[in-house]
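Alright, structures below, take your time with them.
Below, chain A partners chain B and then partners chain C, in two separate complexes.
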Partner chain A sequence: MQAVIALLIFPGGLCVLLLGLAYEWLDRKLMAQMQNRVGPRWYQPVADLVKLLAKQETMPNGVNPLLFIGLPLVGLASVLTAALYVPLVGLAPSYSFRGDLIVTIYLLGLLTFCMSLAGSNTLDRFSLMGALRALTQLFSYEVPFLLALLGPALAAGSWQIAEISAYAETHWLILTQPLGFVVALIGLMGKLELSPFDAPEAETEIVAGALTEYSGRGLALFHLSRDVALVVGLTLVAAFYLGGMANPLWFFGKTLLLLLVVSGLQALFARLRIDQTVGLWWRYGMLLVLLQWLLMIVWR
Partner chain B sequence: MPSERFVIPIGPQHPALKEPGHFEFSVEGERVTGATVRLGYAHRGIEKACEERNWVQSLYLLERICGICSHIHTTAYCLGVERLAGVEVPPRAQAIRVLIAELERVHSHLLWLGVAAHEAGFDTLFMYSWRDRETVMDVLEGLTGNRVNYSANVLGGVKYDLDEARAETIRKGVDYLEARTYYYLELVVHDPVFVQRTRGIGTVTREQAEWLGLVGPAARASNVARDLRVESPYAAYDLFPVQMVLETAGDLEARVSVRLKELFESYRVIRTILDKLPTGEIKGRMPKKVREGETVSRVEAPRGELFYFIKSNGTDKAERVKVRTPTLCNLAPMMTLAIGHQLADMPMLLAGVDPCFSCNDRSIVVRNAQEAETRWTWEQLRRYGIEVYKCKR
Partner chain C sequence: MRLEELWEQLEARLATWGRTHSPWAVHFNSGSCNGCDIEILATITPRYDLERFGVKIQGSPRHADILVCTGPVTRQARERLLRIYEQMPSPKFVLAVGTCAISGGVFQGCYNVVGRVDAVIPVDMYVPGCPPRPEAIIDGILKLLEKAQAEGVAT
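Presenting the complex of A and B:
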C-alpha cells in the first residue's frame, strides 16, 4: 500500500507533476520579472495543460501512429521513473539500489531522445532540423553533465543517490567542487533546452523544433515531461552539491535558489548557434570538469 | 545528391517574420546552399489607387504604405507635389517635418533593435528596447495625437505646431533615450554572446555594397557614404545638417552599431531644431490643381533611400505615383549573401537590413515587348486582384 502511494501520489506521481508545474510557473514568472514583463498568473501552467489536453490532436500524414502517440508517453514515464530515485522535496528516495545514479541520468536522457525521435518521425522540415539539433546538443552536454554528477559520487565513494546525498549532508560539495557545480547546473539548462541553449527549438528559425507537428495531448505530455525533468534535475544538483537531504522547506529554498540562478542565466544571454553550443561544451565544459577531477585526485 | 535539396521554407507565416514574405533556404546540414525570395503578399495597389484620388486624398493613402516610417512617405510625396505646384513652404513647417522625421527614425531604429535581438534569441534586450521605445511613441503622440500614422504633413506645410512646453517634454524624452542608447551601444558591442552572433556574419565589403546597390544603414555599415540628408539636403536639413555615420566592418555588428550611433545624431538634430525653431507660419497656400509636369523626390527613410516619382497632368489627380522603398534594394543582396552561412544566421541576416514587406510590395506586369502597351484602370486592377486570389484559394 505504501509503495503504491509513493509511486502514484507522494513523493512520486501526482506530487512531482504538481511540483513540475509550480517550478515552471516560477521560472516563467522570474524570467518575466527580469525582462521587465508582468508574467503569467500562478495557474497559467495548469491552464495550459488542461487546454492542451482538451484540444484535438492532429496527426500529420506520413507518421508512424504508434510512435506518434507512444513517444510522449514513454518520455513522461521515463522522467516520472527517474523521479522515484532522487530525494524529492528533501526526503529519502522512494527506491534505491546500487548504481541508480546512472539509471536516473539515463532516464533523463531518454526524454531528449523521445523528443528527437518524435521530431524525426514526422516529415516536417522544421521537426527534422529540430531533431537533428536536439541530438547534436545531447551529444555535447551529456558527457560533461554526467562527469559533473559523478564528481560527488567519487567523493562519496558510491554510485547510489541515497548514499551520495547522505554523504553530502555533512560535506557541502559546492565548496570543494565548485567547477563541477557550475558544469552540472549549466548542463541541466542544456538538457532542458533552456535559453541560451534553445537552438533545438529556436522559434525564429525552425518554429518549435522537434515538436512542431505536435498539438493537443502529445504536446501537453512533452511539456509536462520537461517540467518533471526540471524538478528532477534541480533536486539532483541541490542534493549533491548543496548539502544533501534536508527538511522539505529548507530543501525547497535551495532548489528555488538554483531556479533563480537558472532563470537569471536564461534572461542574460542571446541564443547560441548549435555549433557554438557544441564548441562551448567540448572546449570549456569538458575542460572544466576534467580539471575538477584532476584536482580531486591530487587532493587525495 | 544535388537534385534532392532539403529546403527550409520561412514564411509567409513564420514566427521570424512579422509581415508576410516567403524565403526558401536550401540547406546541407546547417549550411545554407541557396536562397530565394518571393514577395508580393502584402500588395495593396496603392500606386494605382493614387491615380483615382485627388492630391490631398492620396496623401493619407500614401501615409499608410508603411506602419513604421509613415511620416517619411508623406514627406517625400509632399516635397514632390509642392515642387510641382511651385508652392513655397514656410521654414518653420520644414523644420517641424524634419523634427518628426528624426523622432520617427528614433522609433524605427529602437523597434529594429528589439526585432534583431529577438531574432538572435535575446528576448531581454527585445523587451527593454521596446519599453524605451514607448518614450518616443509618447512624445510623438503628444506632438501629433497619434502613435503611428502621425498625419503631420499636409500639402504646403504641417498640421501641428509646437510650443515651449511641448518642446520641453520632447527634450526630456530625448535625454532619457540618449542615456539608454549609450547603454545599448555598450551592450551590443561588448556582450560576448551577442557579439558571437553578429561579428563577422553577413559581411559586405565596400565594393560589394556598391555593386549590389545597398542603401541606408546597411550601406553605411559597409563604409559607403550614402545618406540623402547629407548628399542632397531636403526640407530643413540644410539648416540643421546631419553628420554621416559610417562603419567599416560591414558585418551585422556594424549594421547594429551604425543604427545606434545614428540615433545620437538624431538626438542632436532634434535638440538643435527645438532650440532654433524658425518662427512664422506652418502652412503655405496650396492650389487644388497642380500644373502639368513630373518630378522625382528622394528622401532618407530610416531604412535608406526612399524614392518617389510623381507625374501630374494638370488636374487635381496624379497621373502616376511611383514609389520605390529601400527594402527592395536591400533584400536581394541579402539572398546573395546568405549562401555559405548557417541556417541559424538567416533570421538575423534578414533582420539586419530591417525589411519592411508591406512597404515594398508592388505589382509588376510582365508583358511581351511586341504587344501594344496596355493601361489598366483602377477597376480592372481591382477585379484582377479578386480573380487572382480566387484562383489561389
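Presenting the complex of A and C:
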C-alpha cells in the first residue's frame, strides 16, 4: 500500500507532476519579471496542459503509429521513474539501490532520446533537423554533466544517491567543488534545452524542432515530462552540491534559488548556434570538470 | 446515467476553460504590406506582454489555436494559407488583422489578389485598422476568447 502511494501520489507521480507545473510557472514568471513584463498567470501551465489534452491529435502521414503514440508515454514514464530515485522535496528517495545515480542520469537522457526519436519518426524536415540537433547536443553536454555529478559521488565514495546526499549534508560540496557545481547547473540547462542551449527547438529557424508535428496529447505529455525533468534535475543538483537532504521548506528554498539562477542565465544569454554549443561543452565544460577532478585527486 | 452526463459536462467546461486561457497563436502573412506584421511583432514585445493572457506565439501550426492572418490573400498565398489552416488541430480560430484582411483594402481588385481572408477560410474575429494598433490587436484576441467562451467551443 505504502509503495503504491509512493509511486502514484507522494512523493512520486501526482506530486511530481504538480511540482513540475509549479516550477514551470515560476520559471516563466521569473523570466517575465527579468524582461520587465507581468508574465503568465499562476494557473497558466495547468491551462496549457488541459487545453493540449483536450485538443485534436493529428497523426501525420508516413509515421509509425506505435512510435508516434508510444514515445511521449515512454518519455514521461522515464522521468517519473527517475523522480523516485532522487530526494524530492528533501525527503529520502522512495527507492534506492547501489548505482542508482547512473540509472537516474540514464533515465533523464532517455527523455531527450525519446524526443529525438519522435522527431526523426516524422517525414517533416524541420523535426528531423531538430532531432539531429538534439542528439548532437546530447553528445556534447552529457559527458561533462555526468562527470560533474560524479564528483560528489567520488567524494562520498558511493554511487548511491541516498548515500551521496547523506554525505553532502555535512559537507557543502559547492564550497569544495565549485567548478563541478557550475558545470552541473549549466549542464542541466543544456539537458532541458533551456535558453542558451535551445538550438534544437529554435522557432526562428526550424519551426519547433523535433516536436513540430506533435499536437494535442503527445505534445502535452512531452511538455509535462520536460517539467518533471526540471524538478528532478534541480533536486539532484541541490542535493549534491547544496547540503543534501534537509527539511522540505529549506530544501524548497535551495531549489528555488537554483531556479532563480537558471532563469537569470536564460534571460541573460541569447541562443547559441549548435556548433557553438558543442564547442562550449567540449572546450570549456569538459576542461572545467577535468580540472575539478584533478584538484580533488591532488587534495586527497 | 446522470453521473455520466455530469461528468461530460464537467469535461466540456474544463476543456473550454483550458482553451480560453491558453490561446497559442501562429502568425501568417498572406500578402500584407508588412505594416500589420510589424504591429503584431510590437504586440508580443514586453511592453504589451501578451503572456498575461496566456498567449504564446508558436512556430508550428500544429501547436497553435489561433491563426493570426494579415493582409489580403494573394493567388500565390492562397494555397499556403489553406494548408496552414488545415494543419492546425481543431478547435481552431482565425483572427483577421488589418483592413486588407477584412476587405482587401488598398489591394482590392489587383490582378494577383484573391481578396479578403474570409473568402478563403472562415474568420472568427476581425481587427480593423491600417495597421491596427497593438491595443486593438489585444482587444481582438480578448474578444475572440470571450466569443469562444460564450460558444463553449462547439467545434
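Some notes on this structure:
The rule is short, and it goes like this: the second predicted complex is superposed on the first by the 300 of 300 C-alpha atoms of A that agree within 3 Å, B and C clash if a C-alpha of one lies under 4 Å from a C-alpha of the other, contacts with A are read in each partner's own complex, and residues count from 1 in each chain.
As a working rule, contacts are C-beta pairs under 8 Å (C-beta built on N, C-alpha and C of every residue); 3 or more make two chains touch, one makes a residue touch a chain.
What you are looking at is a predicted structure, and each value in this text was computed from that prediction instead of being measured.
By the touch criterion defined above, A:Ala199 lies against chain B but remains apart from chain C after alignment on the C-alpha atoms of chain A.
In the overlay built on the shared chain, the residue A:Gln44 is in contact with chain C alone; chain B does not reach it. Within the superposed three-chain model, A:Ala54 lies in touch with chain C and out of touch with chain B [touch as defined at top].
By the touch criterion defined above, A:Ser215 lies against chain C but remains apart from chain B after alignment on the C-alpha atoms of chain A. With both complexes superposed, C is the one of chain B and chain C in contact with more chain A residues.
By the document's definition of touching, both partners, chain B and chain C, reach A:Val207. In the superposition on chain A, A:Asn36 makes contact with both chain B and chain C. In the superposed pair of complexes, A:Leu272 makes contact with chain B only, with no contact to chain C.
Of the two partner chains, neither chain B nor chain C is touched by A:Leu256.
In the superposition on chain A, the residues of chain A contacting both chain B and chain C are 35-37, 126, 203-204, 207. The part of chain B that touches chain A in the complex is made up of residues 6-9, 14-16, 27, 29-30, 117-125, 127-128, 131, 191, 193-194, 196-197, 342-347.
Every residue of chain A that touches chain B in the complex is listed here, in rising order: 34-37, 125-126, 129, 132, 195-196, 198-199, 202-207, 267-276.
Residues of chain C touching chain A in their complex: 14-15, 17-19, 21-22, 46, 49, 51-52, 54, 58-60, 62-63, 65, 87, 89-91. Residues of chain A touching chain C in their complex: 28, 32, 35-41, 43-44, 47-58, 126, 203-204, 207-208, 211-216, 219.
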